[in-house]
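One chain, chain A, links the two complexes that follow: it is found with chain B in the first and with chain C in the second.
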Partner chain A sequence: MAEAGAVAAAVAHNEKEGERTLNRLALAFVALGLIFAAVAASSGDVFFFRLASEALIFGGLALSVDLLLGFAGMLSLGQALFFGLGAYVSALVLKNLLPSFWLAMGITLAVATVAGMVAAVISIRARGVYFALITFGLAQVVAKVVYNVPRLGASDGIIGIPSIRIHLGLFDIDAASPAGFFLFCLGFMMLLYAACVYLMRSPAGRVLAAIRSNEDRVPFLGYPVGLAKVLAFVLAADVAALSGALYPMLRGFVSPELLYFEVSGNAVITAIIGGAGTLIGPLYGSVLIVGLRSVIGSYTSHHLIVIGSLFMLAVVFFPQGLIGFIARRREQRRLRRVAVVP
Partner chain B sequence: MHGLLETLQFVYAPQVVNGLSIGVAVILMALGLTILFGLLDVINMAHGEFYALGAYLAVSLLAAGVDFWLCLLVVPLLMLPLGYVTERLLIQRVFNRKDRHVLTLLLTFGLGIVLEDAYRIVFGPNTVRVDSPISGAANVLGMYFPNYRLFVMGVGALIIALVWVVVFRTRLGAMVRAAAHDRQMASSLGVPVSRVYSGTFAFGVALAGLAGVLLAPIYSVFPTMGKDFILLAFTVVIVGGMGSIKGAVIAGLVLMQIQALASLYISPVWTEPLLFGVMVLVLMWRPQGLFGKLGNG
Partner chain C sequence: MTAVRVDESGPAIDRGDVFLAVEPILVMRDLSVRFGALRAVEGVSFDVVPGSITSIIGPNGAGKSTLFNLISGALRPDNGRVHLAGHDVTGKSPNRLLAAGLARSFQITNLFFELSVFENLRLAAQRLEPGWRSLLPAKASRAALQRTEELIERFELGAGATDPAGSLSHGQQRRLEIAVAVATRPRLLLLDEPTQGMSHGDTVETSALISSLAGELTLLLIEHDVDLVMNLSDRVMVMHQGMKLAEGTPAEVRANADVQAAYFGEVDGA
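So, the complex of A and B:
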């Protein structure tokens, strides 16, 4: 009996250590972001600030994929649906209603929550690959509709979105300033990340982990599977939409391409290369992928071959991804240290 | 009474025949998908790219002076080793892991991305047209239909019937089904399971390639041609029940009739959401699709 208690304590300790590793990696991400900002600002750069802001925004999308894939074991192939939804809602609010950051974010959050619930009702009953294919189809259908609705700009999208100032209480940030907007994106994404981490380490997050390992057993333990999955789905929809809402502030336009499968697929690639189930991995992954695409893009337009091959190699040889790999290496080292002591 | 007949003949009948011809095309795609899932547990996201490859191979062979009818035979034969190698090099590597459904889906998704970009490099980004090997049109029920479309419908039906015979009425098919049903048992009875898996994958890929050749003269050939088709094929497979050949055929015919007839009343843009709505309703009622599975997929 006492032995079982000791094992449980050791497992809990190990888990805490693992969480601490991820926390450190998250802090390192912020530090790297700040160092980059300092270097880029001192050289008066614009291009790399914009690129890095984009990496962060698409990192948020990958984060939402990881929420579903890494924790509930639900592979969404249509997360671009919510990303694009956020971008369109934010663009419409900023252009037609009022160029206010908080209003755009608030309306995006509300719309995404409702849309997430509707999509959850449609897709949540399906499991495994069925879920993946339904989310894929759902996003594809919505993209087709948006592409053909003239009031949403049809194939051209919406252009001419006014540049805004983001009021943060003590000070304002001009979204047109490359450095300012990058720092804002960094802060915003880390807030989203922290919220996700908090929720996933809470009891509700544990239910998701239980669903992932054995969905059929969870109801016998008295937890509502359906509710937990709907909540995870809506949370992921909100994260994706809020990330998407930043897109028109960065680029000044939105287009139906944001809803396409390429975007969803890219988010899955990013989450897996970065490390599914780590939450910070997708942000690292996004920086990696966006950076890689930009570097390859300066030589050839065929970056997809490289990224696709990299992705296949990751699935076969590094299924735990970059951050998952690092975290596991540290864990092994720690356990070896512990094991040496008799 | 006279008016009603004319409406039937000139408004509905052409749509029904159109729906049939698209239905056969979609079923050819769906057939490969459903076999790969039912027998191998693999969601082949690269199926559309293999379909495109079939079309591109036909374009290249035609340009080299090969007869179209020979292409119909040669292209699937060329695709067989390709599918075999793909299964050996990629699918086998993750096949024994726990979440192989998701892993094979991700792998074939990656493969699809690479292939699509490769087509852009090798064959160029532009759309290629393939001349129809059968010209002219035939009079059906007082309406004219291109002969080639009628030919595709006939050949498609023949292929579907052949696949069914191979899977359910031959020794080879029995071995494949046995391997899918219980790997260990089939293996101990002397079925070379791993080769059967690779062979089945090759068969599915060849089927996609054959569809590519057959449909190249109807739809034009371009790098992303598989993408537009794959969602339709997946819808058919899901509604019919993943892994069920009968389900794919029935769902393909019914869904394409719905699409064809609905496009008389609503804008074609909305027919795809309509089909998707039908799929969602079917899934709410029967999450496993209309028909049971083949093997234990």
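So, the complex of A and C:
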């Protein structure tokens, strides 16, 4: 028993070290965000606050892609469906019902959960490339429908969404304040991130890793694969929709472009460049991609050429992505250190 | 069909005409499945007595693995029923069967190759926790960790426990294949050629492991190694061309002329 206990202890130690590395990278992300906020606030900036808030919001979308791709091994090419859904539901609630943050979030969550279940039932039986194509198709269908429904603003989208105050119990945040809304987005995304990390590190989350590794064996361990995949899919839909729900609060409008493949494709690229399976990677990746798009976009309208090339280079040279690469380097250093000590 | 002697020390077998002394844990009745024109399994009826080691033997293509797939929920029978511990489980999904106490291993090693040996076992063992606990941090699941440790020790997998299962030697992977199935604490364990491709030394060790399991659960195995089957088993069922050819104690089966003709090939012109 002593020897076996040692094995479990070694495994637990390895796991803890790996998790600690990612936790530190998440803390570093928050720290960088706060430093950025201090610098930007002291210079009275608006543009970069808005851009950084947008990076965080699209980071939430990439996080939802990572839940599926990095854990359950499901490549969704239609995650914009839920992001756009969240944005539209939030916009409609704020404009037509009540300009309340919590009401918008609550209704978004409910609608996204139902939509996620429906989409899961349609797509989950297919695997690999077929699953990717079905999610792609679903998003395209919904985008075209929204594009043609006058009541949803058709091709113009919905404009004139009122600016809101977000009540957080002890204090309020004015969504129109660039710094305030940025800090709110940072806190909100870190909460979403923490919830995802918690779930993915639980025994239930590990079943997803088993599904990615060898789906056909999982039922023989007693786990219903279909149910696990539906739950993962709905969770990812909720994360994407809640992120999307922040979009009209930032921009004051929504448009059908939010549902388009470019948004879904960008989210996949972001998750992979940041590091699939790390959860914090997609947030870093989003800062990188949104930042690059803005910088390159100010010189040329062909920024997609640059981002596409970058993506190819990243896949070839850093297949684990930015954060995956850093975490692996640290792990190897640690193991070398351990090996030296007898 | 000859009368059956009900021996108090050994398992009693239902042959339809004999009263059962022990209720079988697994009952198959008239199981059939076809793949197109091929009758892979045809009208097989068979019982497994709790606490026994029962083996299914037969030449390649006899339908042994297909029969396993029918029992374990991997395939649905076209005809016939399967009862597990008194409940009709015909056509139930593998995860429901596991909840009812039936686990299996695979002839072709079927593990989570990218995950560590430890994680392979923990995934199987973490089912032992009640459902809501599966949302607590994994390190909180003491029962799963303890079970995993137990199995690593018992199956001597400690040396490479943190390595990916895919990096183990073939013999170790075969052992892990059994350990993963055992980790779920089944009442009935189906082992599909557990010693497939093993060296002689590994085969001997694995055979000892299997007989050590017999005290805690019921074993049903498919095995090609006839010596191993004859030494290990309480009962043997012989399949040939999808049908049951014979069943009985190892000695009875060995003496059966049909079996010798079909399987051992020792009798000419039978």
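By definition in this document, the second predicted complex is superposed on the first by the 333 of 342 C-alpha atoms of A that agree within 3 Å, B and C clash if a C-alpha of one lies under 4 Å from a C-alpha of the other, contacts with A are read in each partner's own complex, and residues count from 1 in each chain.
Throughout what follows, contacts are C-beta pairs under 8 Å (C-beta built on N, C-alpha and C of every residue); 3 or more make two chains touch, one makes a residue touch a chain.
Fair warning: this is a prediction, and the values are worked out from it, not measured in the lab.
Residue contacts after overlaying the shared chain place A:125 against chain B, while chain C stays out of touching range. Using the contact criterion defined above for the overlaid structures, shared-chain residue A:210 touches chain C, although it does not reach chain B. In the superposition on chain A, contact of A:162 is made with neither chain B nor chain C. When the two structures are aligned on the shared chain, A:297 is found in touch with neither chain B nor chain C.
In the superposed model, A:106 lies in contact with neither chain B nor chain C.
Touch criterion met: A:137 reaches chain B, while chain C stays clear of it. In the superposition on chain A, contact is made by A:12 with chain C only, not with chain B.
Of the two partner chains placed by superposition, only chain C is touched by A:201; chain B is not. Using the contact criterion defined above for the overlaid structures, shared-chain residue A:312 touches chain B, although it does not reach chain C. Listing the residues of chain C that touch chain A in their complex gives 72-73, 93-95, 98-99, 103-104, 106, 110-116, 118-119, 122-124, 126-127, 129, 133-139, 141, 144-145, 148-150, 152-153, 158, 161-162, 180-181, 184. Of all residues in chain A, only 73, 75, 122, 125-130, 132-134, 136-138, 140-141, 144-145, 148, 261, 265, 268-269, 272, 302, 304-305, 307-309, 311-312, 315-316, 319 touch chain B in the complex they form. Within the complex, the chain B residues that touch chain A are 37, 43, 90, 93-94, 97, 99, 101-103, 105-107, 109-114, 116-118, 120-121, 227, 231, 234-235, 238, 242, 269-270, 272-273, 276, 279-280, 283-284, 287.
Interface residues of chain A facing chain C in the complex, by the touch rule stated above, are 1, 3-5, 7-8, 10-12, 14-15, 198-199, 201-204, 206-207, 209-210, 213-214, 216-217, 219-225.
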